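I am attaching a structure below and will ask some questions about it afterwards.
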Amino acid sequence: MRITTILGDMLRALVRRPMTQAYPAVRRDAPSRLRGQLHWDPEKCTGCCLCVKDCPADAIEMITLDKAARRFVLRYHADRCAFCAQCVQNCRFKCLSMSSDQWELAAKDKEPFTVYYGSEEDIHALLEKCAARADQALPAAEP
Amino acid sequence: MTETSRLLEQAAQITTPWGKSFTAPEANRLDVVIDANDLPAAAAALNAACWGYLAAITGLDRGADDGRIEALYHFCAGAAVAALRVTTPRAEARLPSICAAYPSASIFERELSEMLGVTFVGTPDVTPLFLPEDWSPDAYPLRKDIDLSQPNTVPVRPPPTNGENGKHFIIPIGPQHPALKEPGHFEFSVAGETVIGATVRLGYAHRGIEKAVEQRNWVQDLYLLERICGICSHIHATAYCLGVEKLAEVTVPPRAETIRTLFAELERLHSHMLWLGVAAHEAGFDTLFMAAWRDRETVMDLLEQISGNRVHYSVNVLGGVKFDLEPQHIDALLNGAAFIEERARYYFDLVNHDPLFNRRTRGVGVMTAEQAETIGVVGPTARGSGIVRDVRVEAPYLAYTRCPVEPIVETDGDLAARFSVRIRELLESCRLIRVLLETLPEGALQTRMPRRIRAGEAISRVEAPRGELFYFVKSGGGEMPERIHARTPTLCNLASALILSIGRPLADIPMILVGVDPCFSCNDRTATIHTADGSAEDETWTWERLRRYGIEATR
Amino acid sequence: MNAFDSLTGALAALLILPGGLALMLIGLIYEWANRKLIARLQNRLGPRWFQPLADVIKLLAKQSIVPAAAHPTLFALLPMIALASVLTSALALPMLGLAPAYAFPGDLIVTVCLLSLLTLCLSLAGFGTDSSFGLVGAMRALMQLFSYEAPFLLALLGPAAAAGSWQIDVIMRYAEANPWMLFTQPLGFFVAVVGLMAKLEMAPFDAPEAHTEIVSGPLTEYGGRHLALFRLSKDTALVIGLTLVAGLYLGGIADPLTFLVKTLALLVLITGVQALFARLRIDQSTTLWWRYVMILLLVQWLVMMVSRG
Amino acid sequence: MNTLNLPERWRDAVETVKRWSRINSPWALHFNSGSCNGCDIELLATLTPRFDLERLGVKLQASPRQADILICTGPVTRLARERLLRVYEQMPSPKYVIALGACAVSGGVFQGCYNVVGRVDAVLPVDVYVPGCPPRPEAIIDGMVKLLAQLQAGEKEKPG
């Protein structure tokens, strides 16, 4: 019978510095592969919607303003997102990526969780359109 | 595979008198179609010949056109899986119970009657398992034609009251309780400090995943099934992928196989260390809890570094894996494995020699090998009682075919043995990680998967950190699966915990419960275990009654 | 009449005037020291220095709910009785090197009994709330009380016997003048320390509030200011217990410096033990007291009697 | 406190002290309403040496009576709904709710499952949402800090 094997561990802990990270004060970089908030680069998007199709949580909506002119707006719901990166896998043109830096998403209301990606004017046009049709605005924003 | 084919031949011989057709959908499988009335006789014959154990009963609704409900009784022996297939008309679904031969079938039969509306003749228990109290008794969630847009509710019965019940005192534990980080509601009747009865109500984490997968496509289902459990997420996804890939006849590149295996072992590392910490916490040994979780962060860091997420790594895609290993990851993995190995040795020393801790583990919750066999426990809980039940050994899959696993077995059957098994498995996993990295094949990560999976059925069995995980996948040839049945390792182990807790002091209960590493989000069932009034002895449990609850759970 | 006057005066000084407040503040600081040290032993950073104070103020400012099943007056009164009894028990103690507020022969027994009143109040609180966790916790607390109370008192009576008085400040003065009784009565010291831990329901004797089994034991239904009072009384009891054991066994506490050094050293010892062990089951804990500790004590007393002739 | 006839200055001081204590001593209660365990183990991880929420005064309480913050994980299943409400009612005010993880915030991948009522704010008022599947321990701390910042700013002040 040994008296408490853990004693050694405890004493070592006492002389060592605590392992605790001072997170809110000191912010360490996350690993480069971290799957944070989704980003969309409209440049090469063809509007194939493969990302939307396989999203397990309905977190992505691709809103086509003008298919021929390749004017799309991507509405991303960070609150629904499962951060599984299947959309990134699916995209054949590498339009989608996940930020390794934007992971502090907490907020006091849900407004910041709906993110619009696309060119300024497209988003503007879309929001106006939605406002005009206020009765059926934002399809499926609230499940 | 000669052993497997010998076993299958034997199964075919046993069931010959009743078999109407024999097919072999895969090399290690045998499907025997029999008449529903012959079911008890065939099951009894298998039981008499000691051919394997009842792994699961899968129910299939074949739709209004076919007009039948099919039930598959899966028996597993080594790598061989034999299924007895019976059908019954949909309008009046009725099957004979096989509880006489396999008491463990009771819960499967209850599930089938609840989810598919099959009446079992001669089954001992027909109470609902995991649907809420106000669920309508004639809405069957897994039938194809159920209208789930309706709430399907009926007025509720008043809930049972807590507190003094007759002459016994009842201690409720859960669903919100510090000992349980997950929801499950237990009620222990105590006389003084001694537990004389135990019941559990599960279903707090029942989300209806088995139905939801039928409404989503094959890729979406991968992530849905991964989220059955946050601790063993990877192994759920892997089991599903293995099944779907078998159906699609897609071969996964060897490098992807190795990476999957690697993550399965990392997952085992973090799960076992998490368990060690939680178990220590239950014993009021917070220093060990903190130490185990501190060291576990090493594994979490590795997972995050390679996959980009600490918990749902989502490494799998259908047809391969998403993330490759860079040289720096391999270095980090080797260092991490060395560190964990060193700490695991230390913990092994600790849990075997700390005098006060040993007072809480030695001789507590003893389960003999015979008991374990009849209750039907799996995984480390079974291996702590001297039963070698490890799918990685019995039916190797993925890279385990190339890198054999040494099964870890202890024979004492008490909590201390379960501690030893899990800690020694840490060492074994570290060794496996090293071997896997040494033999890491070069090559592609993914094979292209079709969006539609050809029609068929596949079975995949894998070893989760808590024991055998059994998946049945059926495709109708479309973009969505027709049926996915997941049977998780937790409930059979949980039933054992309830049985073992009777007659023990209340203070041992959290330890015994946690000793089996229950995972309530993996399984949602109700099992009820009562003792006769006033008696605190185990003898109130006949073996028949014990066996009735020693069962595997499904989702 | 004179005695009564000085008693009421001392009581007023302790309960109302800065004396009692100071005692509670010291209690909070000691609680912080205890928590911080545990955190450091577990390789954590641990709480900030004002943590216990913030906890107590927050609890005082919170809504307090009296459960329907509990007796409202009793529910509110018990924490007050607990705190009052603990503060009263400090009357006979020379704190921070000051002379005791009200010393009388036999005050050692009274002090220990007043400390036990805290445990009794806790148990009553558990019984009073009609929660199964509270009931089990209360039973455990009482069971443990009956098992450690006698050995603990006997362990404190060792120095009393050596000094030939049952008055605390007399014993402490004797302790100052003579070699530390830690060395002359090591077994008694051991029992006193372990008994103190049991009295304060510290791990490994925290079965009465083992939160993995019975939530918070007797205090499960307590919140808000009632809980704050119980916490304050526990913290104060910690200081008083430390003072008693340090004063009796570690060679007295003549001035504030030795008081601080000795009580804190004892606190470090207790905290180390607390972090070192897994919780004892209630049956194991009672067995421990009656089967082992009692024997140790009897040996101690035997040796003392033999050496005295 | 309000019944006392204190001068304005004093009442302000009392309020400041109250707020200070509230911000520095947020005791939490964890409720799993049907989650997959992912968020639960990450929440537990925030208490362990590496993140050690005790340095912010956070203590995981066992009894709802002693908790200030209800941390809710998982989509709310039908069975868990009643329990969740009951636990919330047992907490003394002022009380706050954090919805932790994609499922608690929005239903996540379990939207539309037959036994799921939905997200937490369909049942309880939520003060801070922490998305992520599951959020990293740092993100959980971030959510906690954002809640405390709200208290500091005097928002969501509830009678207590």
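A, B, C and D are the chain letters, set down in written order, and residue numbers restart from 1 in every chain.
The rule is simple: a residue touches a chain if its C-beta (ideal position, glycine included) is under 8 Å from a C-beta of that chain, and two chains touch if they have at least 3 such contacts.
As the structure is a prediction and not an experimental result, all values here were calculated from the model.
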Inset, instruction - Would you mind telling me which chain pair, C-D or B-D, is linked by more contacting C-beta pairs? - result: B-D
Legend entry - chain B and chain D: spacing of chain centres that average the CA atoms, whole Å: 32
Inset, instruction - Go ahead and note the Å separation of the Cα centroids belonging to chain A and chain C. - result: 53
Legend entry - Centre distance in Å when chain A and chain D are each reduced to the mean of their C-alpha atoms: 23
Inset, instruction - List, in ascending order, every residue of chain C touching at least 2 other chains. - result: 39, 41-46, 211, 215, 275-277
Legend entry - In chain A, residues with contacts to at least two other chains: 4, 6, 10, 18-20, 30, 56-57, 82-84
Inset, instruction - Could you list which residues of chain B touch at least two other chains? - result: 177-178, 223-224, 227, 287-288, 290-291, 294, 304, 309, 312, 354, 356
Inset, instruction - Indicate which of the five shapes (line, ring, star, complete, other) describes how the chains touch one another. - result: complete
Inset, instruction - Would you pull the chain C residues touching chain B in the complex into a rising list? - result: 38, 41-44, 130, 132-133, 135-136, 139-140, 203-204, 206-207, 210-215, 275-284
Legend entry - Touch list for chain D against partner chain B, complex: 29-42, 44-45, 48-50, 60, 62, 64, 74-75, 77-80, 83, 87, 108-110, 112-116, 133-134, 136-137
Inset, instruction - Within their complex, state which residues of chain B touch chain C. - result: 162-163, 169-172, 177-179, 190, 193, 280-288, 290-291, 294, 354, 356-357, 359-360, 505-510
Legend entry - Residues of chain B that touch chain A when the two form their complex: 216-217, 219-224, 226-227, 287-288, 291, 294, 304-309, 312, 314, 317, 322-323, 346, 349-350, 353-356
Inset, instruction - Would you tell me which residues of chain B are touching chain D in their complex? - result: 131-132, 134, 141, 148, 152, 175-178, 181-183, 203-209, 211-212, 215, 223-224, 227-231, 233, 274, 277, 289-290, 293-294, 297, 300, 304, 309-312, 519, 521
